[in-house]
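One chain, chain A, links the two complexes that follow: it is found with chain B in the first and with chain C in the second.
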Partner chain A sequence: MISLVGFSGLLLSFLFSLVIIISYFFYNKKYLGQIFYYSIYLSFFAIIISFVSLIFAYVNSDFSNYNVFQNSHSSKPLIYKISGTWGNHEGSMLLWLVIMACYNFFFSFNKELDNDVKKLTIFFQTSLYLCFTLFVICTSNPFLLNSIEVYEGLGLNPILQDPSLAIHPPMLYIGYVGFSLILSLSLAGLIFNKINIKWIKTAKNWTLFCWSMLTGGIALGSYWAYYELGWGGWWFWDPVENVSLMPWIAGLALVHSLMMTQQEQLLKRWIVFLAILCFSLSIFGTFLVRSGILTSVHTFASDSSRGIFILILFLVVTGFSFILFIFKSEDSHKKLNLLFINKTSALVINNIVMLIACLTILLGTIYPIIIEVLTNKRISVGAPYFTSTALPILLPGFLLMSVAPALSWQTNKLPKFKSYFLVFFTMSILTLVIGYYTDFNIWGFIGITLGLIIITSSILSMYYNSIKFKSKNFFIYNNALIAHIGVGVMILGVTCSSIFQSEHNQTFVLKETKKIGGYSLTLDEIKISDKNNFQELLAIFTLSNSNLDQSVIKPGKRYYHVSKIITTEAGIYHDWFQDFYIVLGDEKEGEWNVKIYKNPLVSFIWFGIILMIFSGLIGIRKE
Partner chain B sequence: MKKIILFLPLITILIVSSFLLIFLLQKKDPNKPPSALLNENLPEFKIINLFDQTQVLTNSDIKEKIVLINFFASWCAPCKLEHPLFFDIKKQHPNLYLFGIGHKDKVIDALKYLNRDGNPYDYVGIDNTGLIGLDFGVFGLPETFLINSSGKIVYKYLGPLTKKIIKNEIQPLIQ
Partner chain C sequence: MTIRFQRLLLIIFSLIFLTFAVLLILFNSKKNLVFFYTPSELLNSNTEINDIIRIGGFVKKNSFNNLGNNQYNFIITDNKNFLSVTYTGLLPDLFKEEQGAVIQGILLKDNIVNASKVFAKHDENYMPESIKKQLENNQYWKKKYE
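For the complex of A and B:
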């Protein structure tokens, strides 16, 4: 019953979207003009009803729905029943549609843009929406009925039963899908040749929003991998991580270009290109993940017909956009004001660096596929490729970041050049000296120096611009610099946690105490308890430092009855300056194998990211 | 010149997409990497018996038998997952020669593992240096090979077997 309601909602939403498309062409007629906007609302509400009924089916464990049967179980806690709705291919595609409709709905209240551009944007957005709805209805319908009568479901993959994963997909999708609106906006702007101040302001706000959400989504996924997978790291250059990183980098370049164009109206063509690129990469990522071409924890039941559908969708959308781009984007006759070092040249370098980084990651991700098609051999491209190519490419960008906001538009001068140079100099010397007395590592040195330079010079720039510094709206005026500080903090965290990570393999018997890097660690107790849908084994460790401050760390293992899977839950002790990260291994004659990682400054990564998201969102309010 | 640059993204997309399309149409499964050994003769090997270090098994000993070779190790978690299934296979196909190879494993650990979880194999060899695995191109445990009666590798699976795979892919080849 509830499946029927859901499917009707989906169909209705599709039909109302068709009405939007048709009524667009008769907009000048009196009544049809009203219909245009009303159908947007109706299509939006229909898809919401559809989505809510799917959630309802999950909450009530309605196993007559095939999707619920495949991915849920009645003993699951409520929150995972709800999040299970988007923890599978079909449900997550429905979520994709909901978010797409949301963007269309909220955008229809825009008052900034010229009416013709706005309507055409809605037209394009709706066309994209129609394509994706068709995709869901034809290949990934979440409302299929179960042909046999069952009383229990198959259960959700246990590693996905986690609070941060409950909100990771929605946030990520808000980012991914949001780029569709940016694409529609640029196509509409191109056709009417109206990429003006109003257009840029609107595009900037929406892009900032999507980009911030995408950042949050990626960070949540990474945080999840950090404590759930038990590998001691937070980024593995997994194909799925790469495909989310690519639109993120392109989006970052777009955000910067949009911010800059407010002063200089020259990069229009470039902006349109980036806008098309962002959403193209989003669909491309979806294709790679959903077609089952690549294996990873995210590969849902794959199906090659699904893959072909998305590939065609990708070709149609990007092909159309880029063809329009070739013929409609106008040549700017004004020359860019490029000097050796001014804001414009910094921006151009920033964009080139990001684009190259993006292409490098793209190449690494699809290279195995190309090689397999050509030679029928399988190779894998792993983390070493990415760390040794993408990171060095990004270096000049990071370096530039420390001074770019302080550069001028017109001249080659950096105001207060001496103090910036002093910062650069002292920080390098400082890290070098500290590095000399501790264990020196060239990448560690570069990373830490870079992070410190970015942070201090951003603070310096804030301070020098006294009007902005003393302003009441301190955060709004300085949001770009705050974001840069966030990046600096993150670089510190990334460098320290990956280069100065120490790993200890130990065996513990009960009540045994061992010294680990200045701390003593005791295995107090092994506790086995039965939870709702899993059995849990917890090892309770006490960590105490020289001041006898004690804290408890509880790594464990869970056995999920339904799916017969054992998961490891790392136990983490968070501190501002380091994480103690314990993974419980197997037991042998009363001895427990334990892997202990000491990860310095991991919290800096999350803090830096929060700063970036915060300043991104604040930037929306900036005039 | 400028126009050509504008066409670049479109051309790139077309090239990339055509590769992806070819890949999709070939219906390759990422879990089943192409093996150079497939439909080739079984590599020459000589392997020591796990239970009796004086006994050795070579190619000639398994001539004209249908053999299922399973590379496992006591330290490999997915191996434990598929382990019970071999009892089922053996029950259904008593004539199938089940040949287990303890890959990069210590003799004591492998013995302990089989004592605890049971031994479904007709013969268990120990490959503690991993050299035999190298000849078979093993790069992740567990790996399973099916050899037909003329000594050719007819099937290879990477990762833990499941009931579905046994039923749909292995059993038709045995019968």
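For the complex of A and C:
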């Protein structure tokens, strides 16, 4: 019954979208103009009803719905029943539609833009929405009925039963899907040749919002991987991670370009290009992940018809957009104010660097596919490829980042050059000195120096700003600098946690104490308990440092009855400067195998990301 | 500066950077590509001792030994040929005899690998598509996993 309601909602939403498309062409007629807006609202509410009824089916464990049967179980805690809705291919595609409709709905309240541009944007957005709705109805319908009567479901994959993974997909999608609106906006602006101040302001706000959400989504996923997979790391250059990183980098380039063009109205063509690129990369990523071409830990149940559908969608959207881009865009003959080093040239370099980094990641990700098609050999491109290729490419960008916000638009001079140079100099010396006393490593040196330079010079610029703009809101005026400090903090975290990570394989018997890197670790007890839908085994460790401060770490294993899967839960002791990360192995004659990682400064990574998201959201308020 | 000169400058800069990137990619991909074989394919390949390789297959029944101190050895097979593996570290939860596993490590002798990584995928039905095809040819892949 509820599936029927859901499916009707989906169909209605599709039909109302068709009405939007049709009524667009008769907009000037008296009544049809009203219909245009009303059908946006109706289409939006219909899809919401559809989504809510799917959630309802999950919460009620309505196993007559095939999707619920496949991915849920009545013994699951409520929160995972709800999040299970988008924990599978069909449900997540429905979420995709909901978010797409949300963007259309909220965008229809925009008062900034000229009416024609706004309407055409909605037109394009609705066309995209129609394509995706068709995709869901034809290949991934979440409202299929079970042909036989069943009383219990198959359960959700246990490693997905986790709070941070419950919010990860919606956030990620808000980012990914949001780029569709930016694309529609660009195409509309392009056709009417109205990429003006109003357009840029609107585009900037929406892009900043999507980009911040995407950042949050990726970060949540990587935080989840950090504590759930038990591999001691937080980024593995897995294909799925890479495909989310590519639109993120392109989006970052777009955000920068939009922020800059607010000051000087140049580079319009470039912005449109980036906007098209962002959403193309999003769809391309979806294609790679959902078609099953790439194998990764995230593999969804794959189906070749889905792959083909998304591939066609990708080709049509990208093809149409780029053709429009080539034929329609005006060539502005205003010259770029490029000097040896000023803000515009810094921006250009930043964009080139980001796009090339994006390209190398793309290459590394699809290289195995190309090789397999061409030579029938199977290869895998490991993390070392990405770190040793993408990082050197990003290096000049990072270097520039420390001074770019302080550069001037018109002149070739860096104001207060001496103080920045002093920062550069002292930080390099400082790291050299630190490097001398600790393990010296060239990557570690570069990373730490960069991080410190970026942070200190951004703080310096903030200081100068606060003298210059006394009356203005501190956060709004310094939002770019806050983001850059975030990047600096993150670079420090990434460098230290990867270069200075130490790994210990140990065995423990009960009550045994061992010394690990200046700390002593004791296995106090092994506790077995029954939880709602799993049985849990916890090893309780006490960690004490030289000051005898004690803290408890609880790594464990869970056995999920329904799917008969054991998962490992890493135990993490968190403080500002290091993480103690313990993974419990198996037992042999009373001896527990334990793997211990000491990860310095991991918290800096998350803190840096939070700063970036924060400043991204603040940037929306910046005029 | 004229527009033309600026464009020239931009293009030159981009080209230099692109060349640098391409060189990096070429250099790194040569070093960091790992080939993926089943045990039978490995025999026919021109892999040399001390190469890093990835092997996919099944863990042979009764071949798993826990040597203590996180050290293990086991045999990976595709039902035609096999390969002994030694590994130090924690095994993934889903690692079991008669289940699919993928290992990555250094080829020590003709059929001995010292593994540095062992993967057993999250889903017990999981197998990379290409490996599955290969195993189907050897009549090892159970159809019911489809």
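We adopt the following convention: the second predicted complex is superposed on the first by the 617 of 623 C-alpha atoms of A that agree within 3 Å, B and C clash if a C-alpha of one lies under 4 Å from a C-alpha of the other, contacts with A are read in each partner's own complex, and residues count from 1 in each chain.
Simple rule for what comes next: a contact is a pair of C-beta atoms (placed from the backbone, for glycine too) under 8 Å apart; a residue touches a chain by one contact, two chains touch by 3 or more.
Note that the coordinates shown come from a computational prediction; the quantities given were computed from them, not determined experimentally.
Applying the stated clash criterion after superposition on chain A shows that chain B and chain C collide.
In the superposed model, A:591 makes contact with chain C only, not with chain B. Of the two partner chains placed by the overlay, only chain B lies in contact with A:369; chain C stays clear of it.
When the two structures are aligned on the shared chain, A:583 is found in touch with chain C, with no touch to chain B. In the superposition on chain A, A:257 makes contact with neither chain B nor chain C.
Applying the stated contact rule after C-alpha superposition, one finds that A:307 touches chain B and leaves chain C untouched. By the touch criterion defined above, A:384 lies against chain C but remains apart from chain B after alignment on the C-alpha atoms of chain A. Once chain A of one complex is fitted onto chain A of the other, the partner contacts of A:326 are limited to chain B, with no touch recorded for chain C.
For chain A, the partner that touches more of its residues is C, with chain B and chain C as the two candidates. By the document's definition of touching, of the two partners only chain C reaches A:507; chain B does not. Residues common to the contacts of chain A with chain B and with chain C across the two structures: 292, 295, 372, 377-378, 566. Considering their complex, residues 273, 276-277, 280, 287, 291-295, 304, 307-308, 311, 314-315, 318-319, 322-323, 325-326, 329, 331, 366, 369-370, 372-373, 376-378, 566 of chain A touch chain B.
Those residues of chain B that touch chain A in the shared complex are 2-3, 6-7, 9-10, 13-14, 16-17, 19-28, 30-31, 33-34, 77. Listed in rising order, the residues of chain A touching chain C in the complex are 157, 159, 230, 292, 295, 297, 299, 333, 335-336, 338-339, 348-349, 352-353, 356, 359-360, 363-364, 367, 372, 377-382, 384-385, 388-389, 392-393, 505, 507, 557, 565-568, 583, 585-586, 588, 591, 593, 595. Across the complex, chain C meets chain A through its residues 1-3, 6, 9-10, 13-14, 17-18, 20-21, 24-25, 28-29, 31-37, 54, 66, 68-70, 88-91, 93-94, 104, 121-124, 126, 128-131.
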